[in-house]
């Protein structure tokens, strides 16, 4: 089912979605766009290339409270936090980011150990994917083509959106998406020309150029395994790394977290908070021992996790080529270049 | 009839509530009364006043008017008792009951009705200026605060004119207040009429506010202290002697006339000296005059003796032998000085009286330092008054 | 999970009057981890202590909170209690609800609420307490006494007689102090020198006393039981080992200096002993008066000295002394009254200070005991002025305590030695002491005139040149008095030594605003100070007379003995330590520590703390950016928890 | 000013000479990134590495941050612009590096640009100097005659705000923080490992990127850097959400300079102001 | 109900805490709003204690130490003076009312000064009203 709406009426669409539930959409903040829970429909702004942070926080918030308890009280008085989620609309996620949800589903659902919080959030959500603007060139950091992701790839979205001049075309991808589209009375029916435009756009998206190399998962896995002991290689590529957490925090596929307890006046909360394998204390053990004390070990872990271990375990590379880690790295470390180097090494 | 008395603590409490909190601290050592210039010559005893106040004894009204608020006792008191506050509080409590002495009634009455203590017509406040001097406007730097005494008291209007001329000489930007102002209220406050003081204060504050007054010059140390300490605002205010001293130092005023070796002694007004800590500025002015020798009286600076004009004393009748100004003039004569200089209109009034009654006007004259300086600049402000002038 | 017991003391009504103690205990019992909470009339009493001990056993308590008076009062008591009951003594927290709640609050609601908040803070803190073990150290057996006045002499003799080594340090060239300047002592009127000089000699002769005159303290290191003190021996320019005290040098010396002993009333030689009975009886050269030092020529003393003891090249030297305890007895000064111009001191020759008057009575004084004015005449009328600078907010608010009595003594001596009329100008006569009131009565009967009124002014008489007029109000009659006299004696305020703040800094003593040393507790520890092992005696603590000074000296000697009579002692365990895993090697701790306790281990790249030197101030912990330094008993966690607890209610 | 290309050539020349002669084991400078606009900090250890060295207007990184990766005794050549040289001085003061281990290759430069915004980096964001304070070899001519603006001038706007406004400003800025810690990691003076905020004992603040923890982290960090911050602006440049941390650091630096009369990283023999005192410090500073 | 502020006091053991005890011994009454934490020296005070106190809802923080030069540990308070001055400037620039944080030197003999300072500071905090800026959000909801 194809619908359409004028982009100038986007806030009306937003208002309609807000009537149905929670709306997460791109908003222009001081330093760039980000997905934010919309309070005022006018905030929604589709004039962006991609957001600073990936939309993974929609399902995997930076901070997620698990359990509430009182200090000094028996354990049975503690309670698990109930989410009670309304329908959630993730509006305007780019194809590469939408792809990441599927990768994350592996850990949080498909691996067999189900994370109830992730699962509930995923199930409550309707994803409005949004094709990149094919008229404009890709940003120098991006390389999703390498990972086989097109600039207008509807896979993973419930509804996929394409810009056509001043209009936005919305096409349902899943039954869930179709249901929502039906319900949204504010939308107009898509004409045949629109349908044609949409289909061509999707096709054209496959040809859209980002940085690209031939990357066969098995080959890179093998290559990285061979390189593991090559300290010189890892030292060289990590020599600039300052061990901050920018790359992992903006990454759509990084899912590591820390569990912490916080108490205030005897009221305790057990929660998870994002962690980053780049942090020096990431692997710090209670004994004081830390198996990864060197910068190179941490960067090696990160590259290997995404391009080697993950492939070995689940058969997929855990990277979608969005280029955020490169773009926001304070010292311009480029994961693409490292993979390239590794392949050449 | 029994001579026994019972402490009347309600009265003591009333004094404390009227601002005499310091009453509690006194341990009756007698430093104040020993220091007080009145103790040797009158039956006024400041220590006793406090003692009566502490216990609320009757009879306080007989001697509570004696204090001239010279602050000598306050500076010496080993217990840090603010005796002037106590005096003010006692007067407030008792005069509230209509115990104002006869001599003060016209003074307080004039202040209440006309806003000045000299029974002057408020409309004629600025008559002394003869429209020669500008009224203060916002863009001016200084307000020359004209004390009632220099506006109305004939002897002191000369001081007003002298000041105005010097301000012009120094080419300062200044003006005098309009007739909307009234007395600063110092004396009436010390006499204990706190209500009237508040009224006078508010009138002046309104004027200051309406005209955005920021910097002030005053010639009366009494106004100076009142504006600084009782008005609750932080004005940039100077006594004219301070300004003169700095103008001379900066070379903006240059004394010319040689006085030919006259001796001048300087009397520290209590409100300029002990109350405000200004001792050197007026002396510096005198020292800058060519041909003038400054001689000091025995009691000077911090130890200076009161003229008796403060605390309402200016308006009170005092018997011969009970006048501090007489003693002070004698002290001045003992130095061999030809001129008794001072820097306060009250002191001038008191000394003029004493010089007249002691009949020593051929030996000594009283002058404000301002007048001395004006003289040395060879500016004449004494307009000829017909033939009389030539005869003299 | 900890098991905390809370014990709320009523302290009779001291606490119970403004805090609902049972409600407080009940509140405590609702707090997490508190397993027992009780209130009791006197927690510090034996039954109170037993209650705590029993509860520790019965309820298997591992932490105890005593909610009572200030920890400075009874922390030690309760530490002993819980230790006896099997807990580590540091598993105790005191909540100060007396000094800091009930005594400073009038409203019972407010008092109870504040006590609850404080108690809650203590519970938060108590959960995080950790057992600590005390350090045991060896104790030096000697005692240093600073100040060779009557207090120092008395303490030195007492201690030396117990067999302990004493180092008596005096900054002047003789011991004796102010007492050596007095003629008679009140109220008994016995001769000051007669009772003092035998003691001075005894000090010199005592095998256990090392007398260190003309010396000053230059550095104090270490801590109770282990003080390491550097003493500066000022150059005397006379080798005392060689000098045989013939004093031939002092006869020949042409240099003139001001006699400190005679209060400047006369001159003395540049090479001199301060007074005939000085101890040691060996001279020193006053550089500022010596002709050789001033003009480069003279050296007469050197020529007459057969022992070749004169040494113009002598330099200051430093002596290191190790002691276990210190008694500070540095005495007092009289206030300089010349700034109080109304009294004319320094302006009129007829005005004397009390110590100058003392010298006039003394047969070894400038007038050989005759009371004469500076012009040699005998005074006909004398006024003695009390409370000059004392009891005075403009100067010193305290009462100098001895002036009333010595003024009465002066009156007696004036009556005895002259035919003058004597007047006392006073505010109150304070004659509390054994035999004092009787002495006062005796002086009244000697026909001394008492005028109650503080003098306002001393002026020159205009009628009789040279005479003085004293002006005051006789507050009893209310008459203004103008009294012509020949002599005025001022009783100036007794004030701390000019260098008392400096001495305080060296020994780590707090001083009050004028510089008197602060005792640990005004009633219960009047000789102890906040610095463990350092005691104070005599007028350096507050004005007092000779009997009180001597009593304090004996007391301080006994206090010092309780330390040096032990071979070993326990020190507080509340020192800092470094968690090497967290140390980032910034060396902030090394840079700030006043005791040099942290040292940087360059090999490991971390700081290490020498706990023997650490005094537990916690400065290093607060400058440590990584929280690697643990200030034991005041850890970051403990303080943060306490703050959280305090802010909850 | 010597142009960037010339500086790059000089850098290569000196690096080659020093490595060849064995005078240093490593040259800390800038290397090629994934494009021109994105150079990277680079540690050249071999002659072959020298060819990878670059210098252009985007080489903002404060190379002093990398000094502490090498043990004492390692001879290091380091490219140092003005701010970097102050960082080096401060680190020498704090005994984190030894002066004798260093060959400082001074780079006088202006017109450096922020790669994200393309804005020229000037005294607004860094310490107002163009020439290194200390160096052994200068890779370009010293710069004179450039306009000198007080590095604190930019503060006027914020100082003029009333406290409510300022609070609202900082609150909104701190709320953006995602706790990636790029600021502290980019900071040459933040060498603590572990950082106080990572401690579990005590737990100074929660780890979640929410207001109280963010405030505690940043306020405490401002305190830790008080009198030590050398105003290179790396914290703000590294920040993925553009929090103007440099403003706060500047303010603290300004206050420290006014109160204690010493700016950070200007003299080797100074002692950091917060681990120092003067008896005559005035109580006025507490008002 | 009138606003009763919560004020954290941090006092050094040797001077200010003892001075506070003296205020009690001499029965000087002062408002109950200040809750005192005892530390051995004012230099023990980690600036983060102060930040934390404000987060926990303190309306004011009062630090007391020995007078400069009288520190039981010689120089502790001289370091503290610098550190706390910086703390104050930081709080001020962040936008907190400067009047909420105060450092006073109160000796063991100044019981009256302790009482006066508490009186004055409490009045000042009352005037400023509740501290909402640094206070943790959850606590604000409660209030």
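Just so it is clear, A, B, C, D and E label the chains in written order, and each chain counts residues from 1 on its own.
As a working rule, contacts are C-beta pairs under 8 Å (C-beta built on N, C-alpha and C of every residue); 3 or more make two chains touch, one makes a residue touch a chain.
Bear in mind the structure is a predicted one, so any value in this text is a computation, not a measurement.
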| note | Via touching chains, subunit B connects to subunit D in a minimum step count of 2
| message | Just to be sure I understand the contacts, which chains border both subunit B and subunit A? | response | C
| query | Which one chain sits nearest the middle, judging by mean Cα positions? | reply | E
| request: With chain centres defined as mean CA positions, report which chain is farthest from subunit C. | output: A
| said: Taking the mean of the C-alpha atoms as each chain's centre, how many Å separate subunit A from subunit E? | reply: 47
| query | What whole-number Å value describes the gap between the mean CA coordinates of subunit D and subunit E? | reply | 34
| said: Just the number, please: Cα centre separation of subunit A and subunit C in whole Å. | reply: 73
| request: Please compute the C-alpha centroid of subunit B, do the same for subunit E, then give the distance between them in whole Å. | output: 46
| request: Give the residues of subunit D that touch two or more other chains, as numbers and ranges in rising order. | output: 193-194, 196, 203-204, 274-276
| task | Find every residue in subunit C that makes contact with two or more other chains and list them. | result | 592, 623, 636, 640, 644
| request: Could you check subunit B for residues that touch two or more other chains and list them? | output: none
| note | Given the complex, residues on subunit B that touch subunit C span 27-31, 33-35, 39-40, 45, 47-48, 75-80, 302-303
| said: Considering only the defined contacts, which subunit C positions touch subunit E in the complex? | reply: 70-72, 96, 98-101, 103-107, 110-111, 113-114, 117-118, 121, 501, 504-505, 508, 510-513, 518, 522, 530-531, 574, 592, 594-595, 615-619, 621-623, 631, 634, 636, 639-640, 642-644, 646-647
| task | Going by the contact rule at the top, pick out the subunit C residues touching subunit B in the complex. | result | 341-342, 387, 391-395, 427, 452-457, 471-475, 478, 480, 482
| message | Using the touch definition from the top, list the residues of subunit C that touch subunit A in their complex. | response | 1, 31-33, 581, 644, 648
| field | Contacting residues of subunit D [partner subunit C, same complex] | value | 72, 94-96, 191-196, 199, 201-204, 224, 271-272, 274-276
